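Just below sit the structures, each encoded as C-alpha cells.
The two complexes that follow have subunit A in common; it is paired with subunit B in the first and with subunit C in the second.
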Partner chain A sequence: MTSIILLSVFGIINLFVGFLKSNRILLPLALLFLAVVFGANLFNWNDTQSYFNNMLTIDNYAVAFTGIMVLSTLLLIPFSQRYIDTKDENLAEYYSLLLFSLVGAVMMVSYENLIMLFVGIEILSISMYVLAGSDKKSLRSNEAALKYFLMGSFFTGVLLFGMVMIYGATGSFNITEIGAAQVSADGVTNTMFVLGLLVTIIGISFKISAAPFHFWTPDVYQGTPTLFTSYMSTIVKTAGVAAFYKLMASAFAASYTTWFPTLIAITVLTLVVGNIGAVVQKNVKRMLAYSSISHAGYLLMSLIAFNERSDSSIFFYSLAYSTATIAAFGVLKLVADQRKDETFEAFNGLGRTNPLLAFAMTVSMMSLAGIPLTAGFFAKFFVFASVLEDANLMWLVVIAVLLAAVGIYYYFKVVIAMYMRPAENQEKVGVNSFTSFTLIFITILTILLGIVPALVSDIL
Partner chain B sequence: MITALLLFWPALAALVVLLLKGQGAKKVAFVAALVEFAIALFATAGFTPEVTAPQYALDIPWIASAGIGFSIGMDGISLLMVLLTTFLIPLIILSAFKHDYKNPNVFYALILFMQTGLIGVFVSLDAFLFYFFWEVALIPIYFIAAIWGGENRIKVTFKFFVYTIFGSLFMLAAFVYLYFQTPGTHTSNVNAFYQLALDSSSQGWIFWFLFLAFAIKMPVFPFHTWQPDTYTESPAPATMLLSGIMLKMGIYGVLRWLLPVVPLGVSQWDEVVLILSIIGIVYASVIAIRQQDLKRLIAYSSIAHVGLISAGIFTLNEQGLQGGVIQMLSHGINVVGLFFIIDIIYSRTKTREISSLGGITQTTPALSIFFMILLLGSVALPLTNGFVGEFLLLSGVFQFNNYFGAIAGLTIILGAVYMLRMFQGVMFGNKSTHTEGFTDLTFTEMAVLIPLVIMVFWIGLFPNTFLSISEPAVINLLSIIKR
Partner chain C sequence: MMNQIPEVIRTVPLEYYLYFSTALFVIGVIGVLTRRNAIVIFMCVELMLNSVNLLLTALSAYRSDPNGQVFVFFIMAVAAAEVCVGLAIIVMIYRNIRSTDVQLLNYLKW
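After this line comes the complex of A and B, so read on.
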C-alpha cells in the first residue's frame, strides 16, 4: 500500500516540478522517488496486510513483483537522458505517466478483487497508450498509439466481459471467494463460468502479448519510442504474468482441467510464433518485440506447470528477463539514436567502437538466449524444472528446447554484428557516465544471478 | 580445496590478463597456465588411485532449496583429463606466441577462461554443475574462433555454436527429468543418478537425449558435419583447444553421465552406437585420404580416431574403457602437435595445400623428426602412445564382435595411408615456390614440441603410469554399469 500511495504522490509532485521548466532536475528526482519506493516496498516483506475490505492484499508475492517492477523502472529511466538533452517540453509528463502506470502495475500484482485487477490494468494501459504516442511528430509513433489504444481497449472490454460472467456464475468479484465458490457449487461445469474463464484468459493473454493475441506487438513496439517499448516489454509483461498467475492460483485452481488445454495451446503457439517470427526480422527492435512474445511463452510454461515451483520460477524469470531486456533496449536506443538505424547493421563494429556497450549487449543477449553464466540460463532452467515436475509434459519442454536453440540464432546475430562484422560507421556511440554505470550494474547483476541464483530464487 | 583451486585459478588469471595492455598479456597467461599445471601435478602427487570415491572433493550447496550442490572432486579418470588439460593449455598458449593477434589480452583471457570451463566439466559431480561448465567452456571458444578465425569464420562457427547448444539443451532436459526421478526432495548429485533404476523404455529415450549432446561434441558420425569446417576456419590455438581437449568433454560425458546413468538404455542401443562409430571410422578415413588441405585432413583423421574411442567405450569391457581413457590422452597430445606443425608450415608458406608444398625436409631436420614422431604416434606405431590406446580399443571391440573389430581395424591401415601420403607430399619431393627458404624450428616452437614428443614416448613405453591411475576408477565404473 505504501508503494501505491508513494508512487501516486510522487507522480503528482513530478507533474508540478514540470512547471519549473527545469528538465535537468527531473531525472534525479524520478530516480530518488523510485529508490524511496523500492526501499519502502521492502518494508512490507513478511507483513501481509489487506486493505479496503480485501480489495488489495500486500503479501510477499506482491512485494516481490513490485520490487522487480520498481527496480526495472529505476534501471530504465537513466536511458531517458537524450530526451532531456532534446529539451522535450512534455518531459515531466512522461516521468509522471511512468510513475502512474507503475501504480497500476502494483495493483495488478496485489489485487484481491477482480475490480482492482481491472482498474490496475486500465491505469497501466492508459498511461501506455499515451506514452506509445509520445513521439508526436513521428508517423510510426502515432500509428503505434492508435493501434495499441484500439486493440487494447477492445481487449479490456473482453476482459471485463469475462469478469462479469464469472461474477454472474459465482456471485463474487473476490478471487478467494471465486476459488471457494466453484469447489462447493457446480461452478466448474457451469457454462457461464467456463465461458467467463476462457474470455478472461483471452483478455489477459492480449496484455502479455501471447499468441494468437499478439498481432499488435511488433508494430506497437516498433513505433513506440524505445524507452517506453522497453517499459512495455518488461514492466507491463511482468505485471501481466504475475496477475495472470495470481488469478489462476487463487480463483481458478479448482478448474485447472478446464483451462489447462486452452492455456497449453496458447503457450505452444506463443513459443512458436515468438521464436520463428524473430528469426526473419531485420530490425532489431522488431526482433526484440518477437523475442518478448517468445518470453511470454516461457513465462506461461511455468504458469501451466501450476505447482509450488511456479511462483518462484515466474519471479526469477521476470527478473532475469526484465534486466536483460532493459539493457538490450537501452543499448539499442543509444546506437539507434546515434546511427539513425535500428537494423542489425547498425550494430556492426560496436565491439571496436564501444566495448562496454557491446559487452553489456552480449551479456543481455546471452541471458535472453538462456546461456549459462547469465541469469537467463537459470530462469529457463527453473521454468523447465517446474514444468518437468509432471513428467508427462516432457514434450512441451522438448518443443521449448528446440525453440530456445532457434532463439540463440537470432540473439547471436546481434553479437556477431558487434564483434565480427567490420564497421562501415566507425563513429563512437556517445554514452554518458551515468548510463554506462547503469549498464555495468545490469551486466553485473545478470552475471551474478547466473552464478549464484540462490540469492533470490528461493524467496517466494 | 585443491580442486576448487584448479577450477578458479584460470578464471582469476583470465581477469588479470584481461586488464593487461599489449603483448604482456600472453606472458602472464603462459605463467598462469604453468602454475595451473603445477597445481595439477601437486594434486597427482597426493592422489591415491585405489580409492574409487572422488578425491579432493568439495560439496557445498549451490541452490540449496533445490538440492543442487556445488559438488566437485576427482577420480582417476577425471584426474587424467585434468592433467591433459593443464598440460596442453600452456603449450597451446606458447604456440600462439608467434602470432600477433589483435586484442591479445582478450584472446588469452578467453583461453584461460575456457580452461575453467573444461576443468569444471571434468570435476563436476553434480549434473547441473556439469551442464553449467559444459556451456561455460563453449562460450570462450566460440568467440576465439569467430573473432580471430579465417574468412568463413562467422557462418561456420555459428553453425558449430548453435549445433552444440542444440544438443546440450537435450542433455539439460534429460538431466531435469532424471532429477525429478530421484527420491525424496530431489538432488542432482551424480551418485543419486547412479542409483536410479528407471524402467528400460525411459532409459531408452534418455539415452538418446544424452547421447545427442555428447555425440555432437565428439563428434560421432553422422553428427560431425560442423567439425571439419570449424577446425579449418578457427585460428590454430582454437583448433588445438577444440580437438585436443574439447572433444574429450564429449567422451568424458559418456563415461560419467551416460553409461552408468542409463545402463539399460546403453544395452538397447550399444550396437547402433558401435555401428555409427565404425561407419565414422571408415568414412572419415576415406575422406581424409582425398583431402588437399592439411587442416581438413587432420580434422577428418580426428573423426576417425574419435570413432574408435567411442566404439571402444561402448563395448563396456575393461580393455575398451581403459583404451578409451588412454587414447583420449594420446589423441589430445598427437592432434595438438600435428595442428601445431601445420600452423608452423602455414605461417611460413601461407598455404595448407599439400600440392603446393614439398621438399621441406631438405632444410629442416628438427621439424621433420618431430613431425614424423607425432605422425607415427597418430598411426599407432608400437612404442608410441597411439599404439597402446588403439590396441586396447581394438581388443575391446573384438571382444564385443569380431566383424566390428575387423572393420574398425581398418583405421590403422587407412590411417597410415593418409598420414604417410600427407608427410610425403609436404615434406619430401622437390621444393615448391612456397617452400623456398623454409627455416627450421625456432626456440619457442621447440619448447612446444619437445614436451609433446616426450609424452608420445612416455605413454608408448610406460603406459602403466597412466593406466594405473584410471584402472580402479574404470573398474568401479563398470561395476556400476553392470549392476
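After this line comes the complex of A and C, so read on.
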C-alpha cells in the first residue's frame, strides 16, 4: 500500500516539476522517487496487510513482484537520456505516466477482488496507450497507439464479460470467495462459470500477448518509441503473468481440470508462434517482440505446472527476463537512435566500435536464449523443473527445449552481426557514462543471478 | 420507491437479461471485427462495456448484492477515462492522415 501511495504522490510531484524550465532535474528526481518506492516496498516483507475491505492484500507475493517492476523501471529510465538532450517538452508527463502506470501494475499483483484487478489493468493500459502514441508526428507511433488502444479496449470488454459471468455463477468478486464457492455441476450457473473462466483467460492472455491473441504485439512494439516498448515487454508482462497466476491459484484452483486443456493449447501455440515468428524477422525490435511472445509461453508453462514451485519460478523468470530485455532494448535504442536503423545490419561491427554495448547486448541475448552462466538459464531450468513434477507433461518440456534451441539461432544473429560482420564506415555510438553504468549494472546482475540463483530463487 | 427497483427488475426472468446482454455483447464484437472506421469500432467497444453493465445490474438485483452495482460505477469511470485517451489518439491520427479509416494505417509490416 505504501508503494501505491508513494507512486501516486511522486507521479503528481513529477508532473508539477515539469512546469520548471529545466528538464535536467526530471531524470534524477524520477530515479530518486523509484529508489524510495523500492525501499519502502521492501519494508512490507513478511508483513501481510489487507486494505479497502479486503480488496487489496500486500503479501510477500505482491512485494516480490512490485520489487521486480520498480527495479525494472529504475533500470529502464536512464535510457531516456536522449529525450532530455533533445529538450522534449513532454518529458515530465512521460515520467509521470510511467509512475502512474506502475500504480496499476502494483494493484494487479496485490488485488484480492476482481474489481481491483480490472482497475489495475486499466490504469496500466490507459497509460500505455498514451505512451505508445507519444511520438505524435510519427505515423508508426500513431498506428501503434491506435492498434493497441482499439485491441486493448476490445479485450478489456472481453475480460469484463468473463468477470461478470463468474460473478453471476459465484455471487462474489473476491477471489478467495470465488475459490470457495460451490458451483453446481450442471445448468445455467455452470455454463456461466465455464464461459466466464474461459473468457477471462482470453482477456488476460491478450494482456500478456499469448498466442492466438498476440497479433497486436509485433506491430505495437515496433511502432512504440523503444523506451516504452521495453516498459511494455517487461512491466506489463510481469504484472500480467503475476495477476494471472494469482487469479488461477486463488479463484480457480478447484476448476483446474476445466482450464488446464485451454491453457496447454495457448502455451504450446505461444511457444511455437513466438519462436518461429522471430526467426524470419529482419527488424531487431520486431524480433524482440516475437521473443517476448515466446517468453510469455515459458512463463505460462510454470502456470501449467501449478504446484508450490510455480510462484517462485514465475518470480525468477520475470526477473531474469526483465533485466535481459531492458538491456537488449536499451542497446537497441542507443544504436537505432544513432544509426537510424533497427535491422540486424545496424549492429554490424558494434563489437569493434563499442565493446561495452556489444558485451552487454551479448550477455542479454545469452540470457534470453538461456545459455548457462546467465540468469536466463536458471529461469528456464526452474520452469522446466516445476513442470516436470508432473511426469505426464514431459512432452511439453521437450517441445519447449526444442523451441529454446530455435531461440538461440535468432538471438545469436545479433551477436554474429556485432562481432563477425565488418563495420562499413560505422561510427562509434555515443553513450554517456550514466547509461553505461546502468548497462554494466544490468550485465553484472544477469551474470550474478546466473552463477548464484539461490540469492532470490527461494524467497517466495 | 427506491426499494422497489430490484423487484421491478426481478419481474423479468434472469435468463432474459443474460441472453439480451450476450446478444448486445456479440453485436459489439462483430462491429469491432467488421467495421473500418476507428470511431465506429470504438462505439462498438462501448456497446460491449454497456452490455456488461446491464448484466451486472441485473445480476446484482437478483442476488440483492450491491457489489455488482459498485462495479458498474468503476466500469463507467474507467470507460470515461478510456474515451478521453481514445478520442485523443483518434484526433492525433486524423491530424496526420486526414482520415479515421483503420485500414489506411498499415506502415508496420515485416
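As a convention for this text, the second predicted complex is superposed on the first by the 451 of 460 C-alpha atoms of A that agree within 3 Å, B and C clash if a C-alpha of one lies under 4 Å from a C-alpha of the other, contacts with A are read in each partner's own complex, and residues count from 1 in each chain.
As a convention for this text, a contact is a pair of C-beta atoms (placed from the backbone, for glycine too) under 8 Å apart; a residue touches a chain by one contact, two chains touch by 3 or more.
The structure displayed is predicted, hence computed values, not measured ones.
Because the two structures share subunit A, they can be overlaid on it, and in that overlay subunit B and subunit C fit beside each other without clashing.
Residue contacts after overlaying the shared chain place A:Y410 against neither subunit B nor subunit C. When both complexes are overlaid on chain A, the residue A:W259 reaches neither subunit B nor subunit C.
By the touch criterion stated above, A:S153 is placed in contact with subunit C alone, subunit B being left untouched.
Once the two structures are overlaid, the count of subunit A residues touched is higher for C than for its counterpart among subunit B and subunit C. Touch criterion met: A:F118 reaches subunit C, while subunit B stays clear of it. Superposition on the common chain A brings subunit B within a closest Cα-Cα distance of 24 Å of subunit C.
By the touch criterion stated above, subunit B contacts subunit A in their complex at residues 61-66, 128, 131-132, 135-136, 139, 143, 146-147, 153-154, 158, 161-162, 165-166, 169-170, 172-173, 176-177, 179-180. Of all the residues in subunit A, the ones that touch subunit B in their complex are 366, 371-373, 377, 381, 384-385, 388-389, 391, 394, 397-398, 401-402, 404-405, 408-409, 412, 416, 419-421, 452-454, 457-458. Residues 114-115, 118-119, 122, 126, 129-130, 133, 136-137, 139-140, 142-147, 149-150, 153-154, 156-158, 160-161, 164, 167-168, 171-173, 188, 192, 218-219, 222-223, 280-283, 286 of subunit A are the ones touching subunit C in the complex. Partner subunit A is touched in their complex by these residues of subunit C: 15, 18, 25, 28-29, 32, 38, 41-42, 45, 48-49, 51-52, 55-56, 59, 63, 65, 67-68, 70-71, 74-75, 78, 81-82, 85-86, 88-90, 92-93, 96-97, 102, 105-108, 110.
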